[in-house]
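You will see subunit A twice below: alongside subunit B first, and alongside subunit C after that.
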Partner chain A sequence: MGDTGRAAMAEGPRRTFASQQNRFFWTLLSPVLVVLGVVTLLPTLYLFITSFTPLSLATPGTAWNFSAPFSNYKLLLTDERLHNSLWVQAKLSLATVVLQLLLGLVIAILLNMRTPLMNALRTSFLIPMVLPPIVVAIIWKVLYSPDISPAWWLFDWLGWQGVSPITDANWALAAIIVADTWEWFPFTMLILLAALSQMPEEQREAARIDGATSWQVTLYITLPYLKGTLLVAGLFRLIDSIKTFPLIYILTDGGPGTVTEVSNYYIFSQSFNYSYIGYSSAVTMVLVLIVLVLSWAVIRTVSGKGHDHG
Partner chain B sequence: MTMADTTQFLSRREKIIANLAVILLAVMTLLPFLWFVIMSFKPVDQIFAGVSGLFFTPTLENYAGLVNERFVRSIWNSIVTSTVSTGLALVIGVPGAYALSRAGLKRDRTMSLLILASRMAPPVAFAIPYFLVYRTLGLLDTQLGLIIVYLTFNLALVVWLMRNFFDATPRELEEAAWIDGASLWGTFVRIVLPMSIPAVLTTGMLCFLYSWNDFFFALTLTRNSAMTAPVEVVNFMNYEGWEWGKIAAGGTLIMAPVLVFSLLMRKYLVAGMTAGAVKG
Partner chain C sequence: MTRFQDRTTAGALAQGKVKRRTILRGLAGGGIATVLGLKAPAVLANSRPFEGVTLQGACFQHVFHEHVKAYLPEFEEASGMKVQIDFQAFPVYNQRMDLELSTRGSSYDFINITFPYSGRWVGAGWLHPLDDFIADANITAEGWDADDFVSGTRAPFFNAEGQTCGFPWEAGAMMAGYARFDLMEAAGFGIPETLEEFEAMNRALHGKDGFAAYVNDKLHHWNFPPYLMNFGGGVFRGAPEDLMPILDTAEAAEAAHYYAALLSDYGARGVLSFTDDQALRMQLNGQANARTNAMAWVLPLTQSPDSKVRETTRYGMIPRGKAGSFPGSNANGYGIPAEARQKEAAWAFIQWATSKETFRKIALERGGLATPRRSIIDDPEYRQRLMINGQDVASIYLKVLEEAGEGGYMKYRTVPVFPQVGDKLNKAIERIASGQMSAADAMKAAQSEAIDDLRKAGIAL
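Up next is the complex of A and B:
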């Protein structure tokens, strides 16, 4: 605003400086716009176009074939394996978001007490989140493999006979949920800790002086204060849970059967294992749409709340 | 940061319980990770030795097993693709972010949405069109191919984070330089860039981490010669049986730089992961 105002009022040499400035800014900006357009918008457009073709790499002549443009989208409605994958995704997302919010909240509230011991241990809680996702997946593969997992030595010792949860249709999804929760609770924890460190003390102190217990303070003052932050953190985890990939790829490969096959994974196998690119593109468009809607919700929430998270 | 003493109202018992809970949770968080790192130093026969495998003489044999042409090349591919893509994103993105900030364009939600969505979109949304185009252009299984794909998330991240940085930086210095007759380019190169070095380094490290951690694009867009280390490690699970020793050693090697970098800049982790929409 300031610049345009000043530019409008300026005369003579000042005006030419303003237009020089304008040219300079566009020179700096145009490479970004061009490159972003080429690397992100064009591919998305291509994906959109492909979703109207029956493109399959195994069948020649399917690339730019628009004879039945909506057949992929019609198939979406009747593809039971896709519906199953959306349902699996919903279960996985809901469970992990709730668990990560809970665990993140508990640890954030604990760490916010800031005893010397806690300050020393603080960083260790970040480790799962910063590890390469593929390494996280391998770590849990080790833990879920009976012949090398320390957990199974303990089970042996206790005399339990357990199969690995990742090969058991009843437990495979739970196994993924546990691993994913371990990987991502640090994220919600960090956001909540940041919000807690900016929480005004007066209210809590007043409540303490009036004789409220720690539980009451947490329940009636801290939690309501964190409501907005919990929403944002939850939304972010929700969007991110749609791209869960390495865990499923390494731990269960979508199985047993299709019990852990989320939509993202279904698309991966349809497109890169079976080459049904046209149909996969249509399914991907649906996922992209979901991500767009959720991202929009995030932006609304964050910008509506102003600097609360700053 | 001045911090009110939040422990003053806690009873001794509460403090002890809270401390114990934190210790327990920290152990549960660290154990899976430590187990894996320790495994990488175990002789292969001890990995399967059950409880007696707890006591072993540390060895580097698993790491020595990684010194072969394939794995070294995959690490090299990881380094090249991550570094070059980060460098490109910075060279293109930093000036652009500066212009966005100083041109006084209004922050509009559409742009925020596009940048956030491009960060949050499932990688498969990019992998499919890139796969098709690369097949035609001969960019499948090349370092250049990966470098371009990594720009999809790196460039948006640079623009977003650096714009936030420039918005928070006063423009008096630049204006003073202009009044003294410095050119626009001269001001940008000699005044703006030097003062943004710390922010540029932080942003660059984040970009490097995201590229280094990538698994999906490397899995779908490389086959062999441009394969990066994360995919190569997974291959120890398929081709030559399950070589747990090498898997643990390779995994530990991949995570080492990431761990060091990200703990150095843990303050910026959240800002990076949310494309700057939330600060940590």
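Up next is the complex of A and C:
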């Protein structure tokens, strides 16, 4: 037997094993891929196709009308209310993410001190996050409505004549930001707390032995250690903030005027109030694109973090 | 789909639970006829033709449905069916039902056809025509009398072919309800007849001990148009034929400025987010005085047992403007979705809920006086019931219904694209009342956005 034949014999079983392994993996994966395709990709594909039609459920014959395929996309370039909603979304996302990271960080550091008080409070901080979003919205609706709010009874008793923030154009978005921060800071807190619990104590001990104050330990040791975690938590919250809906639906209905009308709320009203399915599909595709870019950033960040630790 | 394809009834027939002939006889002269107040052969009086059927309905929250619920056990007992009704707040209901109907859903056997969506839902063919049911003596009780409804109240429920797709449960007539007429009198005011007097009265009364001179709910697309028209403005150039919006006129800006000022200068705190219930509660507690809305929302001031202002309430027409008086009028009704599975049972329910006897009981026993049936309105006992605190409220009610019917100025509200334009009115009023824009700019923006939206709907402008 020549060299060629021996090499072929040696590679033969290897190829067979590799192909069998490959086949096994695909066998396991395929049901998941089929479900994913049916549940996620097909609707997205339908959404994409629909975005090229003027589909309106109230107007027959618009479902597969491709006579002006780019009209929706042209329209969204000049739709000032959409542009406003994107701007509102940007303000809301930036403010909520920053506040949730700050609040989550501060409380995570406090909880990490593991005093009896902090241990007792740990679970209670999670309550807003585990409440159904609609319940959170109703809680804040009650708090913000002067005629039924215990807060306003107190204000009245103190002689303060406060306005309702959800009907004041200057405060409505801030009211949403406060409620959203209250609801979601426990998420960042949990992630940061998990990271803190994994942090080696030696560095902080060494710094303290060198005479560093608690503030310096936090600033120069703890925060740099949490940088990656903060980034990941921030990106997750950023993506999630684009989905803010129940708070706006219950508290302000996008108003007063359009000061709290974010993009997905605008899509909702176009789609479900007026049946402009084709147009809302086009707007949704833009939003999907934004979320995809952000998701890509999250994946890159998480992967990069993995390499650092690897 | 005909009534013979009714799945649940068919299923019940197949299982021998109920015989079709029994249903028809029962409907014609049996237990249901008894609760309809019609004479029925004694042998059939106790039949329960829909035994085992559960009827699913959907309605928006309204005091009328509270009255219906109070008498529902009688109907369930007579018919044998169980009636379950989902209630949602008005805007939520409209959104959900629009989606349900547009996707040809069959979740509900009967629904509430809301006035602003009537043109859209009826026009799109999403509701089952009822003419065959009405004409069929086997399933429509003799004496139920479709012609007894005030003619204008049925108009929103006719489709382009003239078929009936619903029956009204409310003849809404907008009027002004003043909860604290005692304070008005003390300040030297009577019932305001003009918008100038109305503003002067609000200015004089507002702000004392947190008291609000004016209150209303956030559905400005319903509350604002009477003011818009009183100032000489309008929503469309010539609905239903010419749907060009006319929201950017000087008259529209003037009206919007006036109405937004009522809310921002004389309104209750947080009024821009108020639902109907919130606005009503403020008046019932005597915390707010004036509200201009449908009679069903201002009558509880004197009819509700919870009212603290029964003796101090007075009613009036919405004050007239320089162009005259155009009080809103509407009709909300019941209909059957085109894909509903239990149409016969649904029709039995609608017959009962809109019968003379049910309306009479609701009006005289529970104070639900916004009735669409002429025979009830003409009833001396009903007229007496609407003599409230020395005022003949029935005359205000009939005047509004007649003016709206003859003037035809409510047509703007039943065109299929009104919901889109109504949303622009909501936003404009909010923008003005919250100080974001001047009235002229807000109404120009509303005009521009309305035109964009109508073009999206394929309307040639």
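We take it that the second predicted complex is superposed on the first by the 276 of 310 C-alpha atoms of A that agree within 3 Å, B and C clash if a C-alpha of one lies under 4 Å from a C-alpha of the other, contacts with A are read in each partner's own complex, and residues count from 1 in each chain.
Keep this in mind: a residue touches a chain if its C-beta (ideal position, glycine included) is under 8 Å from a C-beta of that chain, and two chains touch if they have at least 3 such contacts.
Since this is a predicted model, take the numbers as computed values, not measurements.
Within the superposed three-chain model, A:T258 lies in touch with subunit C and out of touch with subunit B [touch as defined at top].
Considering which of subunit B and subunit C touches more of subunit A, the answer is B.
Of the two partner chains, both subunit B and subunit C are touched by A:D147. By the touch criterion defined above, A:Q21 reaches subunit B but does not reach subunit C. Of the two partner chains placed by superposition, A:L86 touches none, neither subunit B nor subunit C. In the superposition on chain A, contact of A:S214 is made with subunit B only, not with subunit C.
In the superposed pair of complexes, A:D156 makes contact with subunit B and with subunit C alike. Of the two partner chains placed around the shared chain by superposition, subunit C is the only one that A:T167 touches, whereas subunit B remains out of contact.
Once chain A of one complex is fitted onto chain A of the other, the partner contacts of A:A297 are absent, as it touches neither subunit B nor subunit C.
When both complexes are overlaid on chain A, the residue A:S281 reaches subunit B alone and has no touch with subunit C. Residue overlap on subunit A between its contacts with subunit B in one complex and with subunit C in the other: 147-148, 156, 272.
Interface of subunit C with subunit A (complex): residues 91, 94-95, 98-99, 102-103, 120, 124, 210, 218, 268-273, 278, 281-282, 287, 416, 419-420, 423, 426-427, 430-431, 433-437, 442, 449, 452-453, 456-458. Within the complex, the subunit A residues that touch subunit B are 1-4, 17, 20-22, 24-26, 28-29, 31-33, 35-36, 39-40, 42-44, 46-47, 50, 107, 110-115, 117-118, 121, 123-135, 138-140, 142-143, 147-148, 150, 153, 156-157, 182, 187, 190-191, 194, 197, 201, 204-205, 208, 214, 232-233, 236, 239-240, 242-243, 245-246, 249-250, 264, 267-268, 271-272, 277, 280-281, 284, 287-288, 291-292, 294-296, 298-299, 302-303, 309-310.
Per the touch definition, subunit A reaches subunit C in the complex via residues 54, 56-59, 62, 75, 79-81, 144-148, 152, 156, 163-164, 166-169, 251-253, 255-259, 269, 272-276, 279.
Subunit B makes touch with subunit A in their complex at residues 1, 3-4, 6-7, 9-10, 14-15, 18-19, 21-23, 25-26, 29-30, 32-33, 35-36, 39, 47-48, 50-51, 92-93, 95-100, 102-104, 106, 109, 112-113, 116-118, 120-133, 148-149, 151-152, 155-156, 159, 178, 184-185, 188, 209, 212-213, 215-216, 219-220, 230-231, 233-234, 237, 244, 247-248, 251, 254-255, 258-259, 262-263, 266, 269-270, 273-274, 277-280.
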